[in-house]
Amino acid sequence: MTLKFDFQRPERTGLPEAVFCHGKDIKILNSILDTLGKKKTPVLLTRLNQEKYQSLESGIRKSLAYDPASETAYFNKGPVLKMNQEKIHRSPETYPVAIITGGTSDSKVALEAQRTLAFMDIESCIIMDVGVAGLWRLQESLSEIQRARVAIVCAGMEASLPTVLAGLIKAPIIAVPISQGYGVAEGGKAALMSILASCAPGLLAVNIDNGFGAACAAIRILNCE
Amino acid sequence: MTLKFDFQRPERTGLPEAVFCHGKDIKILNSILDTLGKKKTPVLLTRLNQEKYQSLESGIRKSLAYDPASETAYFNKGPVLKMNQEKIHRSPETYPVAIITGGTSDSKVALEAQRTLAFMDIESCIIMDVGVAGLWRLQESLSEIQRARVAIVCAGMEASLPTVLAGLIKAPIIAVPISQGYGVAEGGKAALMSILASCAPGLLAVNIDNGFGAACAAIRILNCE
Amino acid sequence: MTLKFDFQRPERTGLPEAVFCHGKDIKILNSILDTLGKKKTPVLLTRLNQEKYQSLESGIRKSLAYDPASETAYFNKGPVLKMNQEKIHRSPETYPVAIITGGTSDSKVALEAQRTLAFMDIESCIIMDVGVAGLWRLQESLSEIQRARVAIVCAGMEASLPTVLAGLIKAPIIAVPISQGYGVAEGGKAALMSILASCAPGLLAVNIDNGFGAACAAIRILNCE
Amino acid sequence: MTLKFDFQRPERTGLPEAVFCHGKDIKILNSILDTLGKKKTPVLLTRLNQEKYQSLESGIRKSLAYDPASETAYFNKGPVLKMNQEKIHRSPETYPVAIITGGTSDSKVALEAQRTLAFMDIESCIIMDVGVAGLWRLQESLSEIQRARVAIVCAGMEASLPTVLAGLIKAPIIAVPISQGYGVAEGGKAALMSILASCAPGLLAVNIDNGFGAACAAIRILNCE
Amino acid sequence: MTLKFDFQRPERTGLPEAVFCHGKDIKILNSILDTLGKKKTPVLLTRLNQEKYQSLESGIRKSLAYDPASETAYFNKGPVLKMNQEKIHRSPETYPVAIITGGTSDSKVALEAQRTLAFMDIESCIIMDVGVAGLWRLQESLSEIQRARVAIVCAGMEASLPTVLAGLIKAPIIAVPISQGYGVAEGGKAALMSILASCAPGLLAVNIDNGFGAACAAIRILNCE
Amino acid sequence: MTLKFDFQRPERTGLPEAVFCHGKDIKILNSILDTLGKKKTPVLLTRLNQEKYQSLESGIRKSLAYDPASETAYFNKGPVLKMNQEKIHRSPETYPVAIITGGTSDSKVALEAQRTLAFMDIESCIIMDVGVAGLWRLQESLSEIQRARVAIVCAGMEASLPTVLAGLIKAPIIAVPISQGYGVAEGGKAALMSILASCAPGLLAVNIDNGFGAACAAIRILNCE
Amino acid sequence: MTLKFDFQRPERTGLPEAVFCHGKDIKILNSILDTLGKKKTPVLLTRLNQEKYQSLESGIRKSLAYDPASETAYFNKGPVLKMNQEKIHRSPETYPVAIITGGTSDSKVALEAQRTLAFMDIESCIIMDVGVAGLWRLQESLSEIQRARVAIVCAGMEASLPTVLAGLIKAPIIAVPISQGYGVAEGGKAALMSILASCAPGLLAVNIDNGFGAACAAIRILNCE
Amino acid sequence: MTLKFDFQRPERTGLPEAVFCHGKDIKILNSILDTLGKKKTPVLLTRLNQEKYQSLESGIRKSLAYDPASETAYFNKGPVLKMNQEKIHRSPETYPVAIITGGTSDSKVALEAQRTLAFMDIESCIIMDVGVAGLWRLQESLSEIQRARVAIVCAGMEASLPTVLAGLIKAPIIAVPISQGYGVAEGGKAALMSILASCAPGLLAVNIDNGFGAACAAIRILNCE
């Protein structure tokens, strides 16, 4: 049972080396990180909740730059990371990527996207809580969104926000359905269907709650010039 | 096999006596209309497509006021009908019911709603093709919509229109999911889920393509003062 | 990450300012309530279960009028609240809104609807456990229901109650599917489909367990005169 | 490719020998009927629509007692059949089986059930169009239904009728969901879920549109004394 | 909020007065049982798991004849109960109802059915673990099953057992899909679909895991002579 | 738009070169066959219905050995084909593959499997109409089935046949769900779920109606010694 | 019933003005094109099948540049179109967009994407039939694909192609699920789920068969520099 | 309530006697193992998680050879077991069965398959983490996989691995969908559909996470020579 890592992926695809931690047991996770630690490969850990983080081997845990709000950690990332972290908290200016959310419940996914971008030294801003049930909130942030080269839109419930935005901006829009909600909204299927069925041309969807995937797609787009 | 009509329904519920024609074979339909004709009960026929209409007994067919665009017919309706028909083609003024659609493909359902209201002598206006992918189209008609006491909104695809409207008007909103579209939008399930999952409080849903039901609900609301 | 509140919504839509607490973490919830507290805006909190309520900051927790049975809380509501609370426990008289349930398991949703109405100073009565498997129970309460201007009907399992009621009353009927039950009834999808597919004209549906939404729709209807 | 018939089934199970014609091509159908014709086994053909009936070999076609309304045919049934046919058209008396339908669109399935029972020389009455949206129609027929030993209830749309009946009679109730309707009712899944999720204890379901199966279950029940 | 009991149901339908405990909170449950206790009505409690049972008021808890394996309890049942309890553990003889299961995991549902029958003083035998993947096990018990007037068959996974049995016995077969299993079998939908789609004529289905409903249907059948 | 054929597939995988004709338009189909004709590659055409077959270019049509019952055709197959064709119609002996069906409606899929095997010069027998609702029919053919090295079982409706067989034979069982039936059986999903959920260990499933795929899997198994 | 066009959309979003013809009746379509004709707006018509095209008013029909293979038409497009048309048939060089398909059945959607791009004067190449069941076919075209700035991948059935490609190229990948196939593949849901669930980071999905939407997203990406 | 064991199954089907422990309560499990212990039948226990294992009667627990990683245990297996256990940890050579996984999260199912094979004294190797998003990892192990007589492929998410493998090897491929993942991948349905819809001919599917069933099918195949 030898693990086979894919150390050349960053070169080929321009994407971060990442370990998806959900569903992996602690023993396997420790052994993966041990191997990666020796290779000094910078690695992004996603879906690492606090409980799992706490149960990692203490040596490994200490070497991680862990962020509980996004459930991500940086491993072997080096000094670049710190500088970038500061940038992402700056006041609203022009960013290559704007991350927009319809409600405050979508923050974890938005932060996962932001941390993934930051891992690749790409700055982004988060514009939160601009759901279309109150259009003026969107209007206030519109010019900021229009300056971005890529928009990532996190939207749960009926997910109207990406559709409305698609009529207002020129940039590519990566819509992330969010699993928030209850009844027919539960699990994010309604939001996903809404995004895919949208009458607004040119919307792009990723899997439900997949902030990491949305950021990777944004990286591909920014790399494509 | 005696048919049992419900002649007192209009009194009890304030709703039109109606015959849903889809799925009923011509022989049964002829016999129902024959019975109703003798009773002189005013009846609304819904989902009567042209082919079925043409194959009705010629005597019955001639006594129907048939409208192919909405696939409805009036039976035993009397002189009131004509006057009302004129009213519904008037220029935009204040109407008790505003019927709004997101696209031109939703017109049949919108017309079914309008004809149902007209059958009960309730005027309405139709505001077509104001989908949210182009918000300024909605903005132009907004003050007209705000004057109505009830809004019926027909919306297919991702059905964002009712959500956006719900943040802009005070009136009750009856949203009708439309079965237009392909892929995940096919059959109208995406639109239905979107309406039910909406983050905008106070949206009300009826079955997919149910223009008749939306109008009946509007009648109940107008009767509730 | 600035939060954007929608302080004008009550004026535009006539609906309560509300915070949906499910899925929001405590830190965000505390910060939202802190902001709202400073603005003195009256706010309704929904889906605030006891565990979450207990973990709020004690200062905020004390300023809430919390009701565990409906999992709602009033914030900044003022003296009007008390008076209204009394009213909703009065004996059966004529109320603008009648809230009807098919079984005792639907009480939480019914109470959420009632508390939402009360927040807007609208009185209502709850008529519980009148499922159609025993029609005489419905018959006893019928005249009381018929006096109301709007009926909210909570119905789980096969949700026949709204259909039966729709043949007996003139008022608009807002049906709330309930997620009670097991097997095919689990999660409330069977109830929802039953309501939407109903042969009774003029039924209106909201999302599963959405007592708050049903009340908001009732408020829109009562405002539409 | 030898066909293997199950000639002993009637003895073992007390049920009719039947051939389900839908989905079988004409060549195979002709060959099956040819074999059965030689054995003189009485056979019931179900789901034999007019087009398929017309394209059968003329010799075989002539030997069938075909009923287009129920899409069934009797083969080798003998003189008993005629007598029974008369009985099923008698005025309302006491019958071992009452077949009840919620609307006129359910008649084909109801007739399939009746013809299956008649094939086994069991009388039944059909009580049509007693949907619960108009309860008094049900009330009129209630005493007749209560006299039957088994009730077969055909119900489409939201299928409330079996639930309401289950609170009013003692007999076993076999509910047949009907595929009538549109939107969420399309295909009969809403009706099926409604029947299975019913809060009324002791309801029994068969597959959507399965009038034949409902009749077979009734035969098993009548045989079980 | 007055509770409305249906004390006449046993007379009208011949079925037990029952309280479905799942999803009802303890306070409501205590109040229901308190009311029923005063009326001396014999009541069957279903889906009362041990945890809920333990948290009932001690006075009420002591007056219940609780059976943890079936999660049922008898209330106000009187001396008849004891005698009956003995009978249901007798060796295999002729019983009015045979309860058959495909595996040992189905026992809770089978016992719920048996306890419901026993509450109405109807004897039954349970024949466990005769899944069709080993046909000889079924064969051994076949003559015993054939002597019963009604068969209740609990079957999870792919639920072939009812289909096979339907070809071997004359009695009515009430099939109960079981929610056991994983993957596509999870939740019992595969078993339910299998039963409804069965090629064996005359199978009857109840909701997933609904042992109580199956027993009620059996009671209706036994009452129908 | 150059087409890219995979001429080495037979060598690498041991499977027939095949063209799936459903959904391909005639122009593309003609061009594919023209290219293949020049290369003299033996090709199996599947899902080529009569209408499509008739509209092929006459030169191509004449060079096909078409079988309407299985909707397959052989192209460039050479003299081996004839000999093999005879073999597959021989009386029941020992065959490497036994193809078993639950009903006569499954014959097209069974024949597609047989023709695919014959294309690779593998003999097989078809044992038709041995559904488990009549177990003795299965019993008669059991010893013949037990002699085969692989069993392909076509089963629609509730698909119990593969489960029952799995308890009676040692050979690998490839189960093909069939799309026959109505209601919950429509489209074959019930049969598929039943096969996957089966309590009988070692059942293998292919896609609904995929006779070709089942035969390819059998070829892989026979090649694996 | 005034139609409201959105003539500023091209300026705001950089996307083509388009009319989705499926589901619109001929009368409405003629009237839309008449209006647009007068405004001289260049318009792309999608999902205009041959039958609908033939039934357009002859004046309008003649002014359309119709392409039956992609079911698209150009209206008011001007001389630019011709030049571009030539370019898209050139031999494989470097194109801004590479359109890749897994099979020949996906060609209509691929062509819809190409025609949409060409309408905006963007060149593209189509690389057809490189499904992953034969990896070397993909390998041959890989360097050509790697030169493109955006990849549109049309994939039906199990849709593995986008996942495999995502590990081999740096460019953004827009995956279009195709509705080809039968059984579980029918309608394209399996392909859609496969794309969304992909383990390859950075895949982007549009609705099933939505070649137009994929091209619009590519236009947004190319505009985002 | 006598339990009926199927002690002849190993002889008839060549498969291990197994007890599926999930969903069986401890009391029943203890009683089953007690009975089997007396008969000295070798038995494989599957889905026995650590918690359940710990709560078994200590006498029974001690007699089990329990493996927590695969959640399986051997009972009455005898000395053969040890020898075999060693073999399965040998370095990569030629094995009758190769078990391949797409990711490290699939290891439990892979180990369940391996332990089931080992119970029948069949050796196998596990080749882990060769997902197709990095094709070269697959390439490295390809010759080892090609030497096996049967391949079991565990694949979650979009499950492309079996499709890619099917184009590269001749052996039968048993694909096991894995329930890993979130959003549309949750529960393994996307993986299952992907496997069934695969364009690669000859793929075989078992239920989601069914490592035991995959191994049983491999045993049938190896027995079929």
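When the chains are written out, they are named A, B, C, D, E, F, G and H in that same order, and each has its own residue count from 1.
The criterion applied here is as follows: contacts are C-beta pairs under 8 Å (C-beta built on N, C-alpha and C of every residue); 3 or more make two chains touch, one makes a residue touch a chain.
From a predicted model like this one, the values you see are computed outputs, not experimental measurements.
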| item | value |
| --- | --- |
| Shared chain contacts [chain G and chain H, defined touch] | A, F |
| Reaching chain H from chain E through chains that touch each other, fewest steps | 1 |
| Partner chains that chain A and chain F have in common | G, H |
| Chain G against chain A, contact positions shared by both copies (same if over half, else different) | same |
| Of B-G and D-E, pair with higher C-beta contact tally | D-E |
| Averaged-CA centre spacing for the pair chain H and chain A, given as whole angstrom | 35 |
| Centre distance in Å when chain D and chain H are each reduced to the mean of their C-alpha atoms | 46 |
| Rounded Å distance between chain A and chain D, as computed from the means of their C-alpha atoms | 57 |
| Residues of chain F touching at least two other chains | 9, 133-134, 166-168, 181, 183-185, 189, 192, 196-198, 201, 207-208 |
| Chains that touch, pairwise | A-B, A-C, A-G, A-H, B-C, B-D, B-G, C-D, C-E, D-E, D-F, E-F, E-H, F-G, F-H, G-H |
| Residues of chain C defined as touching chain D within the complex | 102-103, 131-135, 156-160, 163-164, 166-168, 181, 183-185, 189-191, 193-201 |
| Complex interface listing, chain G residues touching chain A | 9, 12-15, 18, 149-150, 166-174, 192, 196-198, 201-208, 212-213, 216-217, 219-221, 223-225 |
| Parts of chain F lying in touch with chain D, wherever the complex brings them together | 104-105, 107, 126, 128-130, 133-134, 137, 140, 180-186 |
| Contacting residues of chain B [partner chain D, same complex] | 1-4, 6, 8-9, 20, 22-24, 28, 32, 47, 177, 179, 187-189, 192, 207-210 |
